[in-house]
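In the part that follows, the structures are each spelled out as structure tokens.
In what comes next, chain A is part of two complexes: it sits with chain B in the first one and with chain C in the second one.
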Partner chain A sequence: MEPNTPRRAGLMLVSPLMLVLLLVFIAPVLMMLPLSLREYVAGTGISDRWTLVNYTQILTDDYYREVVVRTLQLGFGVTLICLLLGYPLAYYMARTTPRIRFALTMLVIFPMLLNLVVRSFGWIALLANRGLVNNLLIDLGLLERPIKLMFNLTGLLLGMSHIFLPFMVLMLVPTIQAIPRDVQAAAYTLSASRPRVFWSVTLPLSAPGILAGSILVFVLTISALVTPRMLGGPTYKVMATLIYDDFLQTLDWPSGAALSFTLTAMTLVIIGLSSRLAKRWGGQS
Partner chain B sequence: MKLDDKPGWGLATVSVAIIAFLQVPVLVVVLAAFSKTAYLTIPPKGLTLHWFEVVLTDSDYLGAAWTSLWLAVSATAGSTVLGLAAAYALHRRMVRGAEFLTSVVMAPLVLPSVVLGVALLQYYTLTGLRGFTVGLWLAHVVITVPYVVRACLTALASVDPSLEDAAHVLGADGRTAFRLVTLPLIKPGLVAGGLFGFITSLDNVPVTVFLLSASQNTLPVKIFTSVEQGVDPSIAAVSTLLIAVTGVALVLAERWTGFHKYV
Partner chain C sequence: MPHLTLEALEKRYADHTAVSSVSLAIRDGEFVSLLGPSGCGKTTILRMVAGLIAPTSGRISIDDRDVTQLPVNRRNIGLVFQSYALFPHMTVFENVAFGLRRQRVEGQALKERVDEALASVRLAGLGERYPRQLSGGQQQRVAVARSIAPRPAILLFDEPLSNLDAALRDEMQFELKRLQREVGITTLFVTHDQGEALSMSDRVCVMAHGVVQQFATPEEIYRRPATGFVASFIGRPNRLRGKLLQIGGDTQVELGQGLRLPVAGAPVLPAGSAVDVVLRQEDLRLAGPQTAGHPGRVMLRSFVGARVQYVVAMDGGPELIVEAPSSGPDAELAPGQGARVAIDPRHVYVNAVG
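== the complex of A and B ==
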């Protein structure tokens, strides 16, 4: 190689991918911006007039507000459940023998790699009116008639916590593993009780992992389309499923575009805030 | 007083229960696929292979499976070539602003998939690409390439750059040094990234559902849309086939590459 070529070689290596991303990722997203500012007239479609109403209605319209609030509730609920279920499992995986840890890691990864529609379908089979859970409860005589487990918050919380739990566990295990056992041992030497050691030593030291896992699960939950649609049906809507309907059913593309940018802004703000928080914690230690 | 912090039996039991919770929907799907009744009961009332026969003789399912497969294979091939080339240049800082460019490559992971899906729907409608397979393929390259690049960057970080320098000293040109020294060393990472991209493409609904032409279907999109017309045990059968394929792929990938290190 001649001395001056690395830079040119670098450009030749990078530019094909950058060209694809420019044309099929950046341009499409930017071109949706003017669409989100167009007026939509029911019956006739997208007009030539500019308007901000697609954005303002997300805050002022009761229906849109309900969907946004529901999306956020779902995000917080799923994150909390994943944390409560994920932490004990991750703690066990971090502190057990390497062989058991490997086996458990495989069992955590396996459902994660499985097709998302398949896992959501599994939850339909469990939660439907004539699904496994209702049938079992009726056969045991605990229920007279099926209770509604799908097309509501219960179903979405259950299904989505299951879907995103592996992400939480995989984020937590390395953090807990990194906690030096000496620190815990020292606390025990100072005759701290088990709960005390957990609250004052273990939990604070795993905070970075908790933060990273929670942000990941929250962002994945509020952006998810497949599971909310399959378990929530066409009526119980979150932001992503409303976008889906705007583009494929009602054809109110401007409103769907504005919702898309709102959802994207929400995820970016959350990721931005969390990385600032993580930096501050990193600076302290 | 206990000085070591070995997990106790209580924690082990809780962990086993949570692991079981993770597998439950999978087991339910498999059971439903072999069940004689349209709705699942425990224990299942009679076992049958009928639903598999339905799936394997249904031209809709077979067509969708074929579309899913070649789309995933061709998109992964594309993103592996583009991603490996870019990752190498980014790792070696051969271009200005490598860090910024890396975050551009990773950006499709941050953007909600449904947003990319609808953005591409509008974009392809405006540019006349709507319904063309090349548009679908490009979209799948974009959603799979971050995994390839990330795995390649991880693998490249563990390669000692002086190895390639040594090859240069011994008279190898840039290409030869890469092919004979670096490429074999990063192969596990490359395979793992490609597999993860492949699974991502095979799994994708939120982008694909907006871009399929009227006569096209992929397997997950077919399951996704047919659930709205009601639950049919043949969906459980096709899901079971997908579970089997994923399980085999995971075992093979782990054996070849130590896959879990790259997830």
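== the complex of A and C ==
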């Protein structure tokens, strides 16, 4: 038997995954594309006529626009919260002893062992009008009537930041670990204050991790379905839950498909822009 | 007036003492090397002077001002790291400007100071490059420029040349020394390389196991090693095991069955003690069989350019490595030939087995 060239061996190695992706990902996407350009007539269903209205309505229709804006707010909000909460923890984990790092990594991963529905339900128990948080605040006399923590942006930000925080931390730790201590020490020897070393050296050198963690959390947030569904209820919708309803409730497949492509396009544009930004910031241009 | 003073400086860790009671007084503008094998405490001292490690006890003062408790960023020192520790996300210009910006040097003055620093390490015009676009030697120069640009009171080097290849290392030795003379900054240079320490320094501090062995000029260190450790660390030594003998008023050391060498100076140990003996290759004189000296036989000859090295089996004793200048009369001894080795008693260094 002839030995394989490295190129052919490489092709053989990627081909199983390539086939799966072609069958279950690329093909359905290509089939969805014409679907998103079909007209949907309420009562009769999908007609044979081509139209762009499924895309234009996302921009012109107030309801759609609100959902898109809300989805983006949620994505950026959750990413920012995860970054602010995750960075200090990740920094500590990166600079501590391997034993403590291992223990903390386990703690960070631990919530992910619990089913997503259960975790989201836990937040309902906490945030509901008669939930733990409101009851406690009322019992303490800090509130007269319960404040609305669910079925709005607050609830979704809280719940989803909690659920996606581990991803941010796990992406940040190795990047921060890779920053040589001598480089930070060098900045100190050049009379830099602690905040100056952080802003001018540590943070820019964390850029690859911040970028990777942010993209991951952002993408997971704006495409999440279960948590927004449970904490947002039937009326407070984001793009993902709207797509779900279009496909499975109203059977308005063309709108759902158009919304899906819009979500994907938005994601790609944001990833592209943030990568360029982070590269320039981290001096890797 | 001493410029940098260390008084009874000590660093103890839970399981060992890295630096024990080191006192040094370094003069203004002096170039001092801390020389020793790895783990001797030299880097710990450097990092304590920089303020990166807190001493367990003792005092560090710069210009008679106690800086022991002063944090790193207020000590006004320049430190060149072994890894260079450049800021990879900044241009060469910004790397060098970093310390100057902390001193509020701005605008045209900043540009002039950075250009001056880059010119002094012969990197003028490379300011817009990133560190990753430079060779190892150039990165080293950037690190030096960055540390001297803010005009620190003390310049510290932590084995800066050990990542360079041999040719570049020799070149940088001269350049660093020239640069240090020009800017006149008091310099502490940590190295494990005796060649570097001897060639560059005004004074060398030889360290072992956290203790100063000798602090003197390079010539002094080489000609009159204060301890057996210094003798065995500097130069190219033959390290042998022997026994101390007291014959009449003379101290001798016995190597193997029959070779007895007189030792100069008062005995440091009682007769009969087992001792380590250091005989430097370059201190041994080789001559033909008819001359005075201890008889032996040439086993191997190897030519190393300026010198010829012989392995000589001493009669009734051990093998010694002996050097001779390759242009001298003893350069042509053949293996198998008899030879005599002359050893000056003053160059027989004896220490307790340790």
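Everything below uses one rule, namely that the second predicted complex is superposed on the first by the 245 of 285 C-alpha atoms of A that agree within 3 Å, B and C clash if a C-alpha of one lies under 4 Å from a C-alpha of the other, contacts with A are read in each partner's own complex, and residues count from 1 in each chain.
Convention: a residue touches a chain if its C-beta (ideal position, glycine included) is under 8 Å from a C-beta of that chain, and two chains touch if they have at least 3 such contacts.
Worth saying up front: this structure is predicted, and the values here are computed from it rather than measured.
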| item | value |
| --- | --- |
| More chain A residues in contact - chain B or chain C | B |
| First (chain B), second (chain C), both or neither touched by A:62 | neither |
| Touching partner for A:85 - first (chain B), second (chain C), both, neither | first |
| Touching partner for A:188 - first (chain B), second (chain C), both, neither | both |
| Chain B versus chain C as contact partner of A:48, first or second or both or neither | neither |
| First, second, both or neither for A:144, with chain B first and chain C second | neither |
| Which superposed partner A:106 touches (first chain B, second chain C, both, neither) | first |
| Contacts on chain A seen with chain B and repeated with chain C across the two complexes | 185, 188-189, 191 |
| List of chain B residues in touch with chain A within their complex | 1-7, 11-12, 14-15, 18-19, 21-26, 28-29, 32, 39-42, 82-83, 85-86, 88-90, 92, 94-95, 101, 104-105, 107-108, 110-116, 118-123, 126, 138-139, 141-142, 145, 168, 173-174, 199, 202-203, 205-206, 209-210, 219-220, 223-224, 227-228, 231, 235-236, 239, 242-243, 246-247, 249-250, 254, 260, 263 |
| Footprint of chain A on chain C - complex, ascending | 50-52, 71-79, 81, 83, 85-90, 98-99, 102-103, 130, 146-147, 150 |
| Of all residues in chain A, those that touch chain B in their complex | 1, 6-7, 9-11, 13-14, 16-18, 20-21, 23-29, 31-32, 35, 85-86, 88-89, 91-93, 95-96, 102, 104-119, 121-126, 128, 130-132, 135-136, 139, 162, 165-166, 170, 181, 184-185, 188-189, 191, 219, 222-223, 225-226, 229-230, 233-234, 240, 243-244, 247-248, 253, 256-257, 260-261, 263-264, 267-268, 271 |
| Chain A residues touching chain C - in the complex, by the definition given at the top | 180, 182-183, 185-193, 196, 200-201, 204-205, 207, 281-284 |
